[in-house]
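Structure first, then comments.
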Amino acid sequence: MKIYTKTGDSGLTTLIGGTRVPKDHIRVACYGTIDELNSYIGLVRCYAISSATDTQLEEIQQLLFAIGAVLAADPEKSNMKLYALTTSDVKFLEKAIDQMDGELPTLKHFILPGGSILVSTIHIARCVCRRAERLVVQLASATSVPENVVIYLNRLSDYLFILARKMAKDTDTKEIIWHAR
Amino acid sequence: MKIYTKTGDSGLTTLIGGTRVPKDHIRVACYGTIDELNSYIGLVRCYAISSATDTQLEEIQQLLFAIGAVLAADPEKSNMKLYALTTSDVKFLEKAIDQMDGELPTLKHFILPGGSILVSTIHIARCVCRRAERLVVQLASATSVPENVVIYLNRLSDYLFILARKMAKDTDTKEIIWHAR
Amino acid sequence: MKIYTKTGDSGLTTLIGGTRVPKDHIRVACYGTIDELNSYIGLVRCYAISSATDTQLEEIQQLLFAIGAVLAADPEKSNMKLYALTTSDVKFLEKAIDQMDGELPTLKHFILPGGSILVSTIHIARCVCRRAERLVVQLASATSVPENVVIYLNRLSDYLFILARKMAKDTDTKEIIWHAR
């Protein structure tokens, strides 16, 4: 089977469950942006990170596909058994945040995103995660989305923020504070 | 002539044909996102790729400008002769896909985007291409857009997916499969 | 205090001034995209640039936070004294553009975005800047936004274009012209 099926050449695509929707449907934007986020996390994994962090990021990539499947399913038509995110998936992020945060100086100001290629790339991933969250919140205002999906994305951007700070610290990269005028 | 003409300081801009539209018009988002995609393809070309692939990507960059011009023209006002994408432009991508795909193991699962900086960057470009496609599909639902533009973008994201896989193979980068839970 | 306050788990967030809005509100997209732009500028600063350019980019990052604060404030509820962009902030960009442009050959055609990792990353930042501008223009059509914010973003993308050209020239990177067919 060819990779290009041409079934989307008309601008329509097929959700899990068989419903045909235009590609500019908010649902498609949601899982498309999760895909973009996933690609940035893949990029982060290519830079010098510890194998413990790498394992966390692979777990996150796997879960983003689970989220993608949930978002790609028409809630009214699909009867496919899909993995629903659990409270432990959220806890997994919180535990990782707490662990890293414990090693960091308390923050009382915003910091300029940047400092090294690795740290900057994590900040970009953080922003794409928040872009995905905004779209999923929009979808959730129109139809039912599992609550844990929104919570997971909210926590994931905080995880990425703390990861950026942790990677900066581990590489002696100075944090620059924002000075409001 | 200065690069900054200040004509857009009010939030309006000029389409080919002279029509003034606000910058948040969907048409402007379309060619603006094609520009973003084009920049990512430019980035991909900076990493270690064969000169044959580089030539393909330059051709794609040139065509993205042709697409940009078509999208920037007011169909009701412009009488500028613009290059319309042809079936051979789409075939060019299909031939390249088939050639690369022939060297790749058949895929029966999703793969995690990532593996190397080059491969990850191609996946990001793929996602930006799909973001552009979503916007162009939205534009096409409101006004007439040459059919080949949508088809070209649809095929281009498949080309980028196969290119990512091919670059992974050429550099012995392992593909990680998504395991649905 | 933990970084994750959980106050956004429901999909709502708090503007400066105390108003609760859904995260898919256009205002949130505006400062969220300014954040994404800021992260790309942080990334640009990690590559080989002169310290004069680095100082300009840090100033720009600081101002993007000032813009973020203005955009995050509910104009009807907030009475916080926020820095309003001035004409000199715009002039700062224009002076930098003029200085760089003076050293560059006149352009009579579009150039393909790319050439080196640094140059490509600046082009991506330019496109994200224009994406932010489109959103801010949309916000300004619904509510009052300080005029200088739109002007600053408009000029910033021109600054980034000229910076990309200047960095290309300084590193003997060839510019490739777009040839309309």
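When the chains are written out, they are named A, B and C in that same order, and each has its own residue count from 1.
We take it that a residue touches a chain if its C-beta (ideal position, glycine included) is under 8 Å from a C-beta of that chain, and two chains touch if they have at least 3 such contacts.
Small disclaimer: the values here were computed from a predicted structure and weren't measured.
Peer 1: Could you check if the interface between copies chain B and chain C is built from the same residues on both sides, meaning over half shared, or from different ones?
Peer 2: On the two sides of the chain C and chain B interface, the residue numbers are mostly different, under half being shared.
Peer 1: Nearest 5 degrees, what's the C-alpha rotation angle taking chain A to chain B?
Peer 2: Here the rotation carrying chain A onto chain B measures out at 120 degrees.
Peer 1: What's the distance between the Cα centroids of chain B and chain C, rounded to whole Å?
Peer 2: Taking the average C-alpha coordinate of chain B and of chain C, the gap between them is 23 Å.
Peer 1: At least two other chains touched by the same residue of chain A: list those residues.
Peer 2: none
Peer 1: Quick check: in the complex, which residue numbers of chain A touch chain C?
Peer 2: Its residues touching chain C are 94, 97-98, 101, 107, 110, 112-117, 119-121, 123-124, 126-128, 130-131, 133-135, 137-138, 140-141, 150-151, 154-155, 158, 161-162, 176, 178-181.
Peer 1: Using the touch rule from the top, collect the residues of chain C that touch chain A in their complex.
Peer 2: Counting only chain C, the residues touching chain A are 2-4, 6, 8-11, 22-24, 28-29, 32-33, 35-36, 38-43, 45-46, 58, 61-62, 65-66, 69, 83.
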